[in-house]
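Each of the next two complexes has chain A plus one other chain: chain B in the first, chain C in the second.
Take a look at the complex of A and B:
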């Protein structure tokens, strides 16, 4: 075999490999999205006939409606609080040397390694102690803890990319530390903060495991409502609501990309 | 304190761990003066500038801006303007807002901000660029915005840390001229940091040559070039040959030194070594030397190693054995034919301007 042919084969193999991975990654979503349009009340694939009636069912189902509203309420509170808290901690960790800094960082990152049901259970027990087990507070608090590491990463990366000479230039021009923060740091960190907020929002909206422990009938979020639904019914409504989920999240990302550039939002781009 | 001093450093020391970046430096910058801190990488120039700005606090010593002692004063309460190496223009503001920033921080009235920013833009010849965004400007233009932003607040002193080093060669030469012209017109006291001796020579009223955290010489460019006070300054400023030699005798107003086989006389005033027998360095500028036949009396001997044609002049590299490589520079392009590569050659010259400094015998 000539090296030219061998080279071309390697190339095709490479392409085939990449395609296989992409198919593998998108396959579940695609199957679910197609299954959602099945006319029959079974989750079969591929469907024999098509209909949108399960979408109608999904958006009119009262538990889903309430779950959606609840999830949005929790998401808005949790992501906003997480961004404020996370940004403050990230700033402190990046800028100052203090005792216990490494410990603080480890604690803030610990939700990444502690199982989610442990966190959920922990907050459930705590909430019962202070008699808050029926309210939104405990749900929001749980979500804040869960998304905090991701928010901090986002802000941390933007802080790293922030040119310290910008701050110095502002200081040289007479800006007090507070003014530097307001006029220079905040505007320059805004994409990172927004990215962190987006991350937090998406994670919170999708969060199920820990949420299951800390929600009650009144505070049940959409993923929990979906779980309760599948315990009773197995029909394409689940696929329909999943499809809505995917489309909403994608829309959110597209909007973010429009306004800020996805690279910036996810803080994966280098500074300048 | 005399009020013609804009900045004063008084025995200032700054250490980073075991590194002493600035060591007992005292310096007075005169009002309106263009003073350059010149030295190799890592000698402490930026540290010195940051001590004036207040981004660093000295371990010992005092810093004064004008009449005020500012050693413990944070930067935003000191009265200086600064241009950074990468300009550090605020990317979220247009040119006007960048320049207006310092005035806003000083709570200057709106109408005055408008007129002062426009005036500053005119000074740096960027009139009408106010609405542009920083990233829509060329390197040279960004440089000028940074300069306008620093001078619009009319600070007592302007600090420049290698502001031209990011520009390409041609633009750099143009900005040098422009910078000097603006500085003279505005009359602002300026401390300029560079490791480029050519830049220092052409811009400065005075140069502080720095090595290892200490000022080696503080003088006019002309003095630093003609009368270096030590061998570091001699080798750092201008192109120069450093040739190992030995002091033979001191007689009257001349000293005799042995350079290889040659015996050479240098005015005593140009010799910083005192004892006969001392190892010394002979510093000679390349344009002073000329090639002669090798049997010429008291010529330094060597072999032509290379011709380097540089347009306006030709550089000839001469391999002189234990003396190392000696460079000469001439405008006469006939020398290339008369002294081909490989030819034996003698070197002589008017050494009235040469310098002799003590040499550590281990060197």
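Take a look at the complex of A and C:
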């Protein structure tokens, strides 16, 4: 009997521990949302009076508006290029043996472990040497390098789950390899490609460290504009824009979880 | 499948991108051997003096601090991430699974700046924790959490949690539940089953989670920059300062290069020890 009680106590302790961790994970988001509605410019808990003026301030602040547009431009280019590069390469890796395959794969996966500030500094110096340090090109290339490993993972997972019998059937019916690719593989891979694209887009939109190195005043993205704001001002405008960010991201992920099954995209659950 | 030459074109975009990445790393190596001209963005002739500057104890302590912060962060992230991953994989209710999944990974997608700023609100002088402690009379003076290694670690652990949870959850979901059922049927209690079966079988996930977070934290920037506020500096902060405050790109390149080499050495060491661990567990 006593072992039953001990087991039950351990269980409750475990549940309490997990709940405490969940609180720790959500606390900053909750606090920032409360701070965003504080009418006073100085942080105080609980706020004495509430207002939405910081939200108005956030969406009308010119640097944030310009940063948002820049971040979207970079995001669209970077995630699209990353999907094209990642999908073609993952396909080649999955299907063929060629010289330097392992090396090429290692190089393209290495941004996962190479410090981001190193990548940022490297592209900054490189861009200065070829005289492109003021434009979007270097920002986009840096982002493609950074998000590519994630895209490749998504494509690998869907390639592994692809039913090869479909290809064989099409081939047996006389389809050329190109036809098989367009009519069979592409439609089957589409969900994986879309997942990879979304993953890349979100990561690119939020990328900060390397971006800080490679952007200039004209190409500054939203996270960089936000960083500059925090360093200059202390009012809750930042809390307001953070709230918008957190709510939008959470909504996007809940939708993604419902429709795509986030567990599969992240390869936590076995996709069969 | 037969060889189909046109598919070889599929590697071209990847090769171009890999070359661009290698060129950027090459640029760092090249700059690390060039003389810094104060007040100028141009670099002088080939020299080794940037490397000599590394001998200064200041830089040694920055690297040591960075390594220690990374170590604390990976240990705490592991300890807090494991229960979450376990619940996420093994909970019976889909509702609990989804909640834990969303709560653990939303921070991954909200970006460094939003997360770090949020922690400023929690840890700051007038922040949430201090207001709570002062308001309830538990303290009479605010706690100093900003600009301390403690504050930086708290935020870094939060920052690393999503990746750790994803890696651990993948490892736990690959464990064959038959082993656990077998142990339970041999009258091992659930706690014993966990310690003797589940935990050892998830070792690969634990190691790869630990390594990934260690490497990931080595390159943290926004968190130490804003929460450390110049009092707690990691390598990234010094590199940024050198680059954008004193325009000393050659020395910034040397520090970056050292960080990359450190990462590579760590990965090699840890991979070697994992191999050993795997071999040992086979006997």
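Convention: the second predicted complex is superposed on the first by the 249 of 272 C-alpha atoms of A that agree within 3 Å, B and C clash if a C-alpha of one lies under 4 Å from a C-alpha of the other, contacts with A are read in each partner's own complex, and residues count from 1 in each chain.
The rule is simple: contacts are C-beta pairs under 8 Å (C-beta built on N, C-alpha and C of every residue); 3 or more make two chains touch, one makes a residue touch a chain.
In this text the structure is predicted, and so the values were computed from the model without any measurement.
Taken together through their common chain A, the two structures put chain B and chain C side by side without a clash. After overlaying the two complexes on the shared chain, residue contacts for A:204 are found with neither chain B nor chain C.
When the two complexes are overlaid on their common chain A, residue A:169 makes contact with chain B while staying clear of chain C.
In the superposed model, A:215 lies in contact with neither chain B nor chain C. Note on chain A: of its two partners chain C and chain B, the one contacting more of its residues is C. In the overlay built on the shared chain, the residue A:237 is in contact with neither chain B nor chain C. The three-chain arrangement built by superposing both structures on chain A places chain B and chain C 100° apart around the Cα centre of chain A, to the nearest 10.
With chain A used as the common frame, chain B approaches chain C to a shortest CA-CA distance of 7 Å. Comparing the two complexes, residues 177 of chain A contact chain B in one case and chain C in the other. Residue ranges of chain C in contact with chain A, taken from their complex: 1, 3-4, 6-8, 10-15, 17-18, 20-28, 31, 41, 80, 83-84, 87-89, 98-107, 109-115, 117-122, 124, 126-128, 131-132, 135, 158, 161, 166, 169-170, 173, 189-191, 212, 215, 218-219, 221-222, 226, 235-236, 239-240, 243, 249, 252-253, 256-257, 259-260, 263, 267. Only residues 3, 7, 10, 14, 17-18, 21-22, 24-29, 31-32, 35, 42-46, 84-85, 88-89, 91-92, 95-96, 98, 104, 107-108, 110-119, 121-126, 128-129, 141, 144-145, 148, 177-178, 202-203, 205-209, 212-213, 223, 226-227, 230, 238-239, 242, 245-246, 249-250, 252-254, 257, 262-263, 266-270 of chain A touch chain C when the two sit together in their complex. Those residues of chain B that touch chain A in the shared complex are 53, 55, 74-77, 80-82, 84-86, 88-92, 101-102, 105-106, 149-150, 153, 159. On the side of chain A, the complex with chain B involves touching residues 163, 165-166, 168-177, 179, 183-184, 187-188, 272.
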